[in-house]
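You will see chain A twice below: alongside chain B first, and alongside chain C after that.
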Partner chain A sequence: MGNLEFIKSASGTSVSSLSVTDCFSADYDVYEVFIPTDDLSSTVDTRFRLLDSGGSEVTATSYDIATLTLRAGASFAEERLTSQDHFRSLTAGNNTTVGVGILLRIFNPYDSGSYTFSMWQSSFKQETLGYLEGRKSIGVLKQSAQHTGLSFYNGSGTLDSFEVSVYGVK
Partner chain B sequence: MPLGAARFGLLGGVADLGKLELIETQTVSATSVEFTDLQESTYNVHLFVWNGIEWTGGNDTMSMRVSNDNGSTYESTANYSYGVQLNGVSGNTSESKRNGHTSYDRLAQQLQNVPHNGYLYMYNAGNSSKYTFFTQHLNGSSITANYYDFRFGGGVYSVAETVNAIKFFTGTYSMTGTISLYGIAES
Partner chain C sequence: MAGSLIKIDEEIVTSAVASVTLGGANWDSSYDVYMVTINNVISTTNARILYARILKNDNTADSTANYDRAFKVLRTDTTFTNASSTNQTEFGVEDLGTATGESANGIFYLYNFNNASEYNFCTFELTNFDQAARLIGGQGGFVHTVSQNAKGLEFHMEASDTIASGTFTLFGLKK
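What follows is the complex of A and B.
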């Protein structure tokens, strides 16, 4: 019977980045990551990277992303990026304390023989524009390597408040 | 076996590590269905799963409102916003959005006799200092162009208060099918 199994959670206030270490293992192929709080110190975007087997951030320019931005108050927009050194735009412009809703799925991060694929869906308040925005994104880290965790950070500034929980899918 | 049964150790003594916990499944046979036991003080993230929801009387839409008084009343001020992308089987796409509306409407827009399935995540319902956010992904069918589609996106009830009940409702016709509510636990 399939289910979610809680692995670990992490939170931080006024931090430059927040790492969730050793949350990936051989026990699961797929992970669901929930983020209910993501308050940025500036109107940039929330980004994340994988952690390698030694716990260090993977900063190689091997991340590709495609994103649809959904807006309650304006037309939607597409973004396609290749050869980045991070996954970007979990959110953008949410320097507000009202919370967010983010579901991030990670596939095969611990499998040294496959790339790590991801998809995420978010809902948040774009503080500058004053309306709801969301993201629907797909991404891949083109490294056949073992990854053990995640690191989240603000594109410019700090994470004023951030909460994340990681579950394995059985 | 319902996931919630496993929560209470009904798997022959096997330890349960599952954290997707069934709160309630409702079999629908009316124009509305209410969930008044969110257990929002226990769960920070909730999951609603639609299974075979359809209406036979005619084409219709499904909307949603939240309650802050355990379902005695449902909020109808213009505090609901969302952005949803529709993707039709013929390759056509379109945007569906509201910026300050009296309900989270167009959650589903369905042709008569076409069941829809999907899920809706809800975040921070029990946190009185945060808005309640949603993300969703459902299959559907266009009631204007007569094609099948899938739709995904997110929304918000933009009032910082505790949400403790949810109502899904149609515009006119009774619906059938089931909706299950799960809590995503951390301990």
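What follows is the complex of A and C.
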């Protein structure tokens, strides 16, 4: 029997970062991460990193990202980044309580013999410009290593009300 | 309590195979929507495309020229592109390599596979590290423009090459 199995959740209020530790294991290859964020403290993009087998953030410049930004009030935009020290552009930030929704998928994080892949999509109000914006992104952490969790933070400011729930696809 | 994502079939490739079939004899027609995950799929030979086809009611892959596709290609090396074509004999998932980290990963949703009077539709999202060691992935869909029952997907490599490894899983979405 298969399922989408709840693994764990974490939340924080006015925190500089939020980690979800030990959410990856050999029990799953594919994970779905839901982030019904309520409030951030700045209009700088939300970012995340993988946690290594010791629970520390992977800060190596081994993250590649490709993001398509869908905008209700302007032309769509592209972002192509290689050799970053984090995955970025989950959102463009949000300094009000209008909310943000993010679905993040992670592939093979616990497999020490393969790279870790990600994809995410988000929907939020682009606060600076005042219209709906969404992101469709893919990413890879070019590191064949075992990863055990995730750490989220904003490019600046705090995560004022941030909730993360991790599920395994089995 | 049992959940609503029901595993129907899974193929874990650990030594080279010519193709992988998901469903077929194991197909369960109880569902309206199906989900397929592929992860860490690696080619035996460098620079070979991983293809997908619909499995027909007789459990064989449908190679008729009826596959239409349209998707946005996200990539790190250059401007994003639109990929589209009609009347193809298969759907190209990704051009795979054999160097470190080069693999295909993604999720497909299958629609109308149990409805003989409708086409078989598929939406997908892919995140891959391809044969040129670049991050690349499609977001879009394909359709097989024949009104028929279908029983899953078949995956194979270009030029009769083989799939070296990977995990392929089929789920049904229970109502």
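Following the convention adopted for this analysis, the second predicted complex is superposed on the first by the 166 of 170 C-alpha atoms of A that agree within 3 Å, B and C clash if a C-alpha of one lies under 4 Å from a C-alpha of the other, contacts with A are read in each partner's own complex, and residues count from 1 in each chain.
Everything that follows uses one rule, which is that contacts are C-beta pairs under 8 Å (C-beta built on N, C-alpha and C of every residue); 3 or more make two chains touch, one makes a residue touch a chain.
What you are looking at is a predicted structure, and each value in this text was computed from that prediction instead of being measured.
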Handout entry: Which superposed partner A:L68 touches (first chain B, second chain C, both, neither)
Key = both
Exercise for the section: With the two complexes superposed on chain A, say which partner A:E5 touches: chain B (first), chain C (second), both, or neither. Expected result: both
Practice task
For A:S144, decide between first (touching chain B), second (touching chain C), both and neither.
Solution key: second
Handout entry: Partner chain(s) touched by A:D111 [first = chain B, second = chain C, both, neither]
Key = second
Completion exercise
Dual-contact residues of chain A (chain B, chain C) 1, 3-5, 68, 136, 170
Exercise for the section: Under the touch definition given earlier, write down the residues of chain A that touch chain C in their complex. Expected result: 1-5, 29-30, 64-68, 78, 80-82, 105, 107-108, 111, 114-115, 117-119, 136-140, 142, 144, 169-170
Completion exercise
Residue positions on chain B within touch of chain A in the complex are 1, 3, 6, 17-20, 44-45, 81-85, 95, 97-100, 121-124, 127, 129-131, 133-135, 137, 152-156, 158, 160, 184-187
Fill in the blank from the handout: In the complex, the residues of chain C that touch chain A are 2-8, 37, 39-40, 72, 74-80, 100-101, 103, 105-107, 125-129, 134-137, 139, 167, 169, 171
Problem - For the chain A and chain B complex, residues of the former touching the latter - result: 1, 3-6, 9, 34, 36-37, 68, 70-73, 75-76, 97-103, 121-125, 131-134, 136, 165, 167, 170
